[in-house]
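Each of the two complexes below includes chain A, the first together with chain B, the second together with chain C.
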Partner chain A sequence: MLTPQNYSQDIVELSISAWFYRNRAIAGFDNPARSLYVSVRELMENSLDACEEAQILPEVTVLLKREKETLGTDVLSQGPEIFELVVKDNGTGIPRETIPLLLGKMLTGTKFTHKQSRGTFGLGGSLALLYGQVTTQRPIEIVTGQKGVGYGHRIKMRLDIENNLPIITEEERVPKSMDEHGTMVSFWLQGDWIRSKRRIIDYFTHTAIIVPYASLFFETPDDEVIKYDRVIRSIPKPSIESKPHPKGIDVEMLKSMITSTRKRTLKSFFIGSFQRVGSTIAEEFLTSIDLDPDRTPESMDQEELVCMMNAMEKFNKFLPPSAKTLSPVGTKVLQAGVQRLAPEFVIFRQRSPSVYEGHPFIVETGVAYGGQLPPGANVIRFANRIPLLYDERSDVSYRVVRDLNLRSYGLKQEDPLTFMMHICSTKIPYKTIGKEYIADIDAVRKEIDLGFKDCLRELSKNLRTRNRASIHRKRESRLSAYYAFTAETLSTATGRQVSIEKLMGSQGGCSQ
Partner chain B sequence: MSRLSTRVTSHDVVHIIDEVLGTLSDTIEDGVFPEIGYYGSSKKNVKYSQEAGYVPIDESPSFIDGRKVESAKTIAGLVYGLSRFKEHLEQNMSMSLRDFYYMHKVKSVQEVLKISEQTETNRMINLCERVIRHGGTSVPREELGVVSSPKGTFYGDVALSDLSGKQLNCNAAGEYGWFISSRPFDVKIHDINIDAAVFVEKEAMSRNLIELGLPESLRIGVGSLFGQPGRNMRAWIRKLADEEVPILVLVDMSPWSLRIFSTIKSNSIELANIRGLATPEAKLLGLTTDDFWERNGMLKDIEHSLELMSKSDVKCAQQNRNIPAISEDPLLKKENEIMLKKKRKGELEAFKAFGLPLAELKEMYIDYLKKKSADTDVKLI
Partner chain C sequence: MLTPQNYSQDIVELSISAWFYRNRAIAGFDNPARSLYVSVRELMENSLDACEEAQILPEVTVLLKREKETLGTDVLSQGPEIFELVVKDNGTGIPRETIPLLLGKMLTGTKFTHKQSRGTFGLGGSLALLYGQVTTQRPIEIVTGQKGVGYGHRIKMRLDIENNLPIITEEERVPKSMDEHGTMVSFWLQGDWIRSKRRIIDYFTHTAIIVPYASLFFETPDDEVIKYDRVIRSIPKPSIESKPHPKGIDVEMLKSMITSTRKRTLKSFFIGSFQRVGSTIAEEFLTSIDLDPDRTPESMDQEELVCMMNAMEKFNKFLPPSAKTLSPVGTKVLQAGVQRLAPEFVIFRQRSPSVYEGHPFIVETGVAYGGQLPPGANVIRFANRIPLLYDERSDVSYRVVRDLNLRSYGLKQEDPLTFMMHICSTKIPYKTIGKEYIADIDAVRKEIDLGFKDCLRELSKNLRTRNRASIHRKRESRLSAYYAFTAETLSTATGRQVSIEKLMGSQGGCSQ
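Then we have the complex of A and B:
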């Protein structure tokens, strides 16, 4: 006979952090090369977010050092190595009490809200630390300080993976000036620099374009220094949190919203919990599915909730979601950022807000031409201000660029062209779990397409003006060459000096 | 119809060139972009008349606007060309079209004008003819010292002195007779002892006529056109016509040969601005469609020798319908239409298809020439 004890022998309960560690490939920690890249990226994005939320111009320093020098060995056959990663920012700093929770515990953080944010999972930072500890068994060190306080905190901690809890091993107060603020995280991790170098450097280059208001400093394990000084001092307005849109939720979310609401009637629940729903629309919607607007939300059963959810998806009188939650970069900032590529012409366009599946989004497109750009059409993609580096060819913007008819804008395939696309949304329509490229959704595709075309029109206008000037110059020089020859021939043939000074000098007064 | 009134001396030509160059110098010195007028010829401003061939009408000039880059290049080329002509005329030297082309290969000239083909310099000479005018007509390039390689010969009892200054008789100047001068207007004719001049398209046929002694037996002159006649040949024919020698033309029966005859008779639209190249008095002796297809046609026995017209022959005949000198000439129009209908062509060599002994062939030629010239009111003895 089966007994409860028999069961319990085989059943293992995983803590959340243990589960995430076992499934770390989802968040990009699948091999040492990619893990190193993702760690640098997650921590750097945490730092940028910390600064932007407080409207501080970011200054982020990243140091990546090898544990031991491995000179002289064959670089290609070389396996993973141990690195120390230090990321330092000038953000607001973290209060002592929340340090262990924010960084040491999985699924706690500031990014699980309904607004535009950088992080793709909200746990990348913690997972990077976890990954580091698992691969090196060394503690994590955090130094942080806030403005207006005379001291900061230095904490050394380990993560208890089984219980999803941080264990603080060392702690001390460090003196600092009242004005100093910021956070520094340092830890050890296994990585593969040779195979991730290009990606990490690309990441810095592209980040420098999208956050030109930040100063970035990166010291590589090869002792190279990559440094981007800020080129503009304006920082985009931070996004604000908002209520969900009726078309952007699912049954589970609806259920949890209903259980937690304090509203007494369904009508007031709708008005209070969703964005852009007023009393008229709420009433119209509820009567359309034969629900009493004055019914209490708690009385809804599972079946009714599913019906309501389906009806919400079909109901087409909800106003489109508000774009106030979005924080586009702005053409001025993008314009400044792309100067790092030193192009000859840059055109940026911001599209008006649009909606897919209940999520608002704004597309910003740009086209850079000439200057120091490499020949051929390149695509640089950003989503919520983070660069997307992998799977370029599957991305919707790449497809849009591929389908553009450059010839109709007077451009050639081999012209030095760089296309830039930034999409910001409360939910970026990534195609895969790897979150590296944007899905081909009609609404998104259309916005990107129109944006690029608008930029190209402007670009071709600029190019025409420039070419006209050069054609004009060429015409002038040919004209004067011909007349110089004519005058010389005339001088020889007639025996009198003929000069074209008057003719070409002031353009003879009758040139067109 | 005498052209003597418009004859210019090389001194006149140098004077005209000097005037043009002087005006251009003044214009450029004054800081004004030059504008040069020229007389173009196209179907629009050239009229065909049976009495005079192609004649320019409505002589309003077109202009080269020196403000435009391409026109500035044309002006530079024109000025260079004129300066070359001037120098050659002053030194009494002639040049060929090819010489003129190579003058543009002088490094400093090549760098500016970038000439890559002779057609470009030929066009430039054509333009010079249209710019340099005297007495209301264009000065032909021969007067500018540019001569093409002369083409054509003439045999017969005509005494003349050509540019060499020596007097000669065209029946004693070698087996083909006299090689026609590049500047027939400057040839002096002393004595003419022929009743008519027969110009033959193909050199082989005319040689046969000379070999058989026809010029002597019939008191005629025999010229070889060597295909489409050159400007010198046309000017020589004109000169003979001016001396009241009847002009008879013997060509193939084909649409191309109709063009050859019409060029002799009426000049061409392209060169309508050059006088002295048309001989409206010229008569088409043969071969005509009547010879083969009329009941009494002299050549009807060799009708079987006619060949089928090729595609390009047919196309040529169709285009002939748009050439005024053919379509507006009743005889040529008729010939062209019959050929288009029959789709067959005859060649001068067809006489050999009779298979006659040579003595009889001579009689055949004499009969043919006599009969056909009588048809055109020219009596041969």
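Then we have the complex of A and C:
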């Protein structure tokens, strides 16, 4: 901490990249195993986001290669080694001018808009590249090309971490066909494959469930290949960028919005800056607090802004935030994805949009039963189509499942049950920068709880029907044995052929 | 995340304060209860650091007052309310020019030096003030004065969060005596006292144990007073700023050190920039990698730097990092602090300095037994004199205690035992920005483990001695009853007075 005594010394304000470089453990880069897992994940998420945004069915290839030197010397070494990580997608490709900024600079926020996307903190991809550079000092290579252009770009760059700036060290045009498009990022990093293997493979398995419309290919350092072909060709609609909701901001934000607006009146500022505020509501709100709708925004002073913010919090005629900007996965896609687990039954429910702290969200729940599922209740969690693997017990959905009374649905603790939860939102309430688990927020908990209960009721109905059908089948087979005996006895007694069908028909038997 | 499609939009590079403003939940400001706790803690830590650095016995007063309006309307409301938080210390005071920078700007790092201090991320205090401003929009007030000056300064300021700049809105000189010195920070913030009360009070109780040389005074919003007078007048020696150790840096850092050095030769750069590198070692190292010790630092290119860094990692003649810069609490102070728990026995051990990843650290362990301690094994954790209260089960010391075999020390699971652990280091290996728990690092775990075991052995010896003494006492009292009877019988038989003392003396009895 800064004290009066040490203040005069060499103290600096760090850039956001320099701060994260020094504190990278906080963002999951705390040991070679975890860092390898987080790097694979972050780059894959970038690729999936880039494809889906352009509504391209994703094809993502990940290659993780041990550096040859290390291989030669000690293959079974348990410590950290150097790896090359290559992530290639078929997205739209990146225009030349934006390559260094998109990948070489931590751009950590949009000014005033919200949008559902996998990343949340604006760090992930760049932190992985930063970690690679710090641990290996090798340059980052990017090859990218866009459709309709006869060449692509190959760029090598380094990061100037202290100043949060990319430095291009090599660059060339590479020939390609007009139709090709996509981006390949490759860089070197320190990692520990032995200790991260299980996580990384779990990550692929779960991603294949939530993104069944993608083809995923992963070549491990052990030369194993993990491959998931797409099983469905529909892709969720893209999410849309949205203005903030009047209830989702604070005075700080209101102030900077007002400072930078180009609107001439408070009324047009309200209509133009917030979602779901029309002419009528804007006017009604402003007159309710005695503000002239035609006043200029820049004339508002600090005190008036505080007063306005307080009034915004209390005003109850703003429409709830729009969920149109969100992009849930949808039952069809989830159904296709979960088939990878080969359950006997699976029930999905998409809940209606809800709101926490001004942010809209949609919860999708699923309960799978039987088939090849392992015994006992498992929870699989997703947020904005990212699988969440760590800290399960801290996650709100785990707590919801723990508190369910399975017996009231005719289920037993040891039944093979898998609970699935996907939440999408313009702001996922993560508790850590590492995006491990969802906070226990009342509104979110309620939606997950209702979703799971709804699935369980339906599942329980299905199971009853199945059980009734199986009882029926047993009874029928007993009956037909009895009739066969009767028919035979009658045939012998009467001397003529008595058909079982006739007997069962007369009895109003179960067969059709 | 940034995708090629959304790149061209309103994307900005945030200042460190703007990033934390948007992601404050990550640093513990995720709900009004937790935010209140973290704010009290961060400001108190600033005050304690400021006093100790100047070797002043700390006197810290914390007042937490409910806003009167809220009081009037609904005292028992469970939701968030507005509070005024006042933290006053008797430190050296802050010179006028540095007030706004010290408190109004997130200054997040020193350039190349390390120092043991309570804060780690350079955020705590400023984030609390930022949180207060965001939730209440009221200015921050600072009154501070230095010894030997006949006046102090009162300043009101606001934070320009987007630009990480303080804005002074009011300022005046206030008269004071020449002898007075100290700083008072007061600001308003949203909080939830009902839900944070227990934590905040625990925080004071534990601080009083680790800082028994401080007088702490806390007035709660319920007008209760929690007061700990100092019980000892010795204060640990101040920690000293240190240069990095050659094994504690990476190429990124090496590069920026070389870029900014004023030394003319590689040899003098090594001697001047790193700790424990003298002329002989510098020369030996440089010649071992065929570098001319008289070469200029700026002539090193990227490749040579990488090569130098790799060589530094392998070179085994650097002396281990110096622990002289660290400031452990010391057995005498710990002993005084733990008396607040009124145990029957207490054993402390200070381990020798050790090193992880180039950072020196010292572990101090203690085991208290009996007296007023609650039954069962408890763990109290401290790091750089901060009590750690959250996420106990994730902490390395909890795991060490869990794996101890108490029975082999003659102890039972339900015995009243309190384990205390203090680690001091120039870089505490926290796992979260909220400073909740210590990572499970082999070198750290080993020191804690050995420390606890050493304490337990000593405790077990003490207990055996005590038990032997108590057996002795019992035996003695049985013996003296027997001798009394014998003396009486003999007196009656012989007709003269036989003294017990004489009988017991002849038997070589236990009493002295």
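Just so we're on the same page, the second predicted complex is superposed on the first by the 443 of 512 C-alpha atoms of A that agree within 3 Å, B and C clash if a C-alpha of one lies under 4 Å from a C-alpha of the other, contacts with A are read in each partner's own complex, and residues count from 1 in each chain.
Keep this in mind: a residue touches a chain if its C-beta (ideal position, glycine included) is under 8 Å from a C-beta of that chain, and two chains touch if they have at least 3 such contacts.
Note that the structure is predicted; figures quoted are calculated from it, not measured.
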Query = For A:L479, is the partner it touches chain B (first), chain C (second), both, or none of the two (neither)?
reply = first
Query = Is A:I500 in contact with chain B, with chain C, with both, or with neither (first, second, both, neither)?
reply = first
Request  = Tell me which of chain B and chain C touches more residues of chain A.
outcome  = C
Request  = Applying the touch criterion given at the start, work out whether A:T489 contacts chain B, chain C, both or neither, answering first, second, both or neither.
outcome  = first
Partner chain in contact with A:I94 - chain B first, chain C second, else both or neither = second
Key: Touching partner for A:T261 - first (chain B), second (chain C), both, neither   = neither
Ask   = Of all the chain A residues, which ones make contact with chain B and with chain C?
value = none
Query = Touching chain A in the complex: which residues of chain B?
reply = 18, 21-22, 24-25, 28-33, 67, 69, 72-73, 75-76, 79-80, 82-83, 86-87, 109, 112-113
Note = Per the touch rule, the chain C residues reaching chain A in their complex are 1-16, 18-19, 21-23, 25-26, 30, 45-46, 49-50, 53-54, 91-95, 98, 101-102, 105-113, 115, 117-119, 121-122, 124-125, 133-135, 137, 161-162, 164, 241, 250-252, 256, 302, 305-306, 309, 429, 431-433, 439
Message = Using the touch definition from the top, list the residues of chain A that touch chain B in their complex.
response = 475, 478-479, 481-483, 485-487, 489-490, 492-494, 496, 498-500, 502-503, 505-506, 508-512
